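Let me begin by presenting the structure, written as structure tokens, before commenting on it.
Per-chain residue numbering starts at 1, and chain names A, B, C and D are given in the order in which the chains are listed.
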């Protein structure tokens, strides 16, 4: 059989295959360059960028859990200036497709980040992280603290960012909601080109010998294979009501995992903390998807999106 | 050192130790009688009872996931009449403390179940399951479908059931909410004696070879060690704002897991699908908690509730 | 009586490509089991996989019993790595085995693939109860995975082979082979194998007025009647018996009680 | 150069109660490593545990290298069950090892418990670079887990033992033994062991004007500078260097750069 087409288009971004990496799990791309040619990825998604560098939370920041991990990094990142000067050149030289994930303290900060990244050629698409569970102080938060938990705020933030850029704009949402369709539709109404699902689930781990939380921030975000069923369900829910595509993620480790997300309705997927376990996990996912297409006689991988059989 | 006291009181119910089993994972108690003396449990919580017997959902109903499982049983149960006639005598003869979990289609059905169970001596406490993810048809639901996802409805249901019984009343809540404190406080306001956290997380698994959902109901509830960090976090959130105790559950497999829940603020815990893996899991949890108390010089296990060290 | 035992591994040898026999030291289980019952094995002491694996008890007697398994996924792959001397936690025997009513003239066993596992034990019991070795139809994809053939020939059972690819015996399916054996209303057929095969065997039996006992498979969590996860749909009228548990009411059912043409059985 | 290799297991023997040495065939890693670097091992091919385990590279040379490990939890327990001939996936060498400035007169190695692992390799490098065997303080809870003693005596290093329970050498802690050796401003101390021990060693060094390189531990997810999970707090002023990655800027740090009295280091 002929080589299957793996090309997809994610809300205006042409990708040579449906696989990117999840923000925060692949650094700025170059870190994994010694394991494989990162330009083979459909896109490289970089760690959340903020206007100023951020030191992040105090350690310990990670804790292992059954088939997963908690993190409370707190968005430690180099900031947009260093990114543009020191990290971007590698990605551009390699000819990578770049999704820049952004984080701000207000709609205006997001807008400024978007504007600068577009103007200075820092990204081919933007993913606005409205759902980081680790930048608030667990001891003091009260009420739904994430923008992504309020459809109204998702819409406002999206509109503001939308107005600032013509790059493809993805809104990254949190699974810590009663109904993922509400913030997803709000992002669509606000002008997003796609939604990215899911960020980590809020979680907590305690060392019973010391009786202390395993993370200095007390709570963190749960990722890894453990959460995959939750993520697939949310993609399935959202994809059926949206007109814009879904970038699916959460626990993808193998090509089969990734294909579950496509069948549930995702147009593209991101490999997250699986890269920590297998630095070339994303590459293996791409290869496995290609093999799956050949084995199942699928000429164009886009045919898999939403192709769940209910009968 | 002297034998530690494991006694606790869960919203009016005296339990000889803080360990019960999660509804739906221990049948009606007698099933596990050939593995150990089930009266050693702090309490036996029985499978959700409805007014009429229910056949449940079509198979397949379970699907394994990383460090967990999905189920979509759909509350297959013998109904309250058969329970009272055929199941209860075993538990009473064994002298078990009984928590009867109830499920109805309306507040009135819950109230009727509560009333009959109290009148006919069918329970020492009641747990109202307002959070079963498997009794709705995934294809047709729209909007938050669970009572437990609406604080307003939680309060109404709780009030109605409260008015019908003087038994200790626990309200079992769903993790599929943005902020667990809202339904927890609503249950408290409605007159609950405790809240039970958490029911399963909504999830989905797909067989990529057949492209079909692994469950005939498409979506199901995720349980097992995979969800433990999510459950501990919710217990921690709820316990800090409630005046009533919390019955914690979700992924408990070992005594250490159970102690995490106590430290996070639970007064008692339930061992769920771990019993499928190890029929005597709950017994081992009790033994391990006792050993922990001895090792740590804790004379009264109630001292562990909320004893997380934040410094 | 159901036991929960740490069993010492006596051997774990390959018997055909991708198929192994795990022999376990476990007197209590060996003594209390009968043909067609199964056990739940821990495929690893860790959390992955989380659930036990259901396996038919193949041979049993004395202090030990065996399971014959096919490596299909993570759990069976881990089972395959177990060494003699290791310990495996086993829960069993579980479920209801085959029953042996005496009023039939012919007994035919139809095993497909790894579904053969409980049938040698059944043949032995039939010989004991009826005095006559049953006829045996062994079906497999191809010749190298036709299992247990010698067990049956040793018991003097007439054995009929059938393979999907014609590499041994008749070319075709188990149901074709059964049809060729002309079962009649004095025939009791026992079958274990893929659902699709058993459905076909059931239909041949119905067409010929034979009776059929089928040993079903289903995804299981507890294996012990508790979780309600392993049900199959029946043809029974009472609402209450519309869904029966493979682990508890089964795994062996009268094939007439099963709704064979239902939507998505777990493994077809 | 960092490699991702499937390494064949050459041996995996117990060296002390609860401690083993895993010797792996892996030329690329053996060639590219230097004392104090580490690797990330898969403790099992399955999903549990999910993360790799960081382990110092102990011995290296020719085609193979080893890790010396203590069994503390699930991951190391699984490592302990690995058999010669099995394959382990290894990522490494990672991090920055010890550096050997030549301006010091005395070099003292202080290893506590399993923290001894990278020190024989360091002693060898010091002998190569400075011509003199360094002094070595070996600390452990009790005599039966004092590791690698022969490695040092074979290299003619003066070895000073210290145990918590007095069962061998001096009775006390590593820092007491170091104090007794009277380090001065011409002394460079290298230390690896529990955080609490290294903090005490650091203080003794500061009190005596010595320099100290400490090899830190932290929970790690990627081991390779990506996840930002393994940071420790530094005393450095620049906001940007307030948190440094143990896996990338470390694991070896100048002890003055580390904030030793901070709240909850992962393992103290």
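Everything below uses one rule, namely that contacts are C-beta pairs under 8 Å (C-beta built on N, C-alpha and C of every residue); 3 or more make two chains touch, one makes a residue touch a chain.
What you see is a predicted model; the values in this text were computed from it and never measured.
**Q** Which chains, if any, touch chain A and chain D both?
**A** Shared contacts of chain A and chain D: B, C.
**Q** From the mean C-alpha coordinate of chain C to that of chain D, what's the distance rounded to whole Å?
**A** 54
**Q** Just give me the whole-number Å value for how far the CA centre of chain A lies from that of chain C.
**A** 46
**Q** So the centre of each chain is just the mean of its C-alpha atoms; given that, what is the distance between chain A and chain B in Å?
**A** Inter-chain centre distance comes to 33 Å.
**Q** Indicate the residues of chain B shared as contacts by at least two other chains.
**A** 65-68, 210, 212, 224-225
**Q** Quick one: which residues in chain D touch 2 or more of the other chains?
**A** Touching at least two other chains: 47-48, 263.
**Q** Counting only chain pairs that touch, give me the topology of the graph as line, ring, star, complete or other.
**A** Looks like everything touches everything, fully connected.
**Q** List the residues on chain D that touch chain A in their complex, please.
**A** Contact set of chain D toward chain A: 1-2, 4, 42, 47-52, 91, 218-233, 239-240, 242-243, 262-266.
**Q** For chain B, which residues are in contact with chain D within the complex?
**A** For this pair, the touching residues of chain B are 66-67, 311.
**Q** Please name which positions on chain A make contact with chain B in the complex.
**A** The touching residues are 65-68, 70, 139, 143-144, 149, 176-179, 201-206, 208, 210-213, 218-219, 222, 224-230, 232-233, 236, 251, 256, 259-260, 263-264, 292, 307-310.
**Q** So in the complex, the part of chain B that touches chain C is made up of which residues?
**A** 24-27, 31-32, 34-35, 47, 53, 55-56, 58-69, 71, 73, 76, 78, 210, 212, 216, 224-225, 253, 273, 275-277, 279-280
**Q** With touch defined as at the start, can you tell me which chain D residues reach chain C in the complex?
**A** Listed in rising order, the residues are 44, 46-48, 74, 78.
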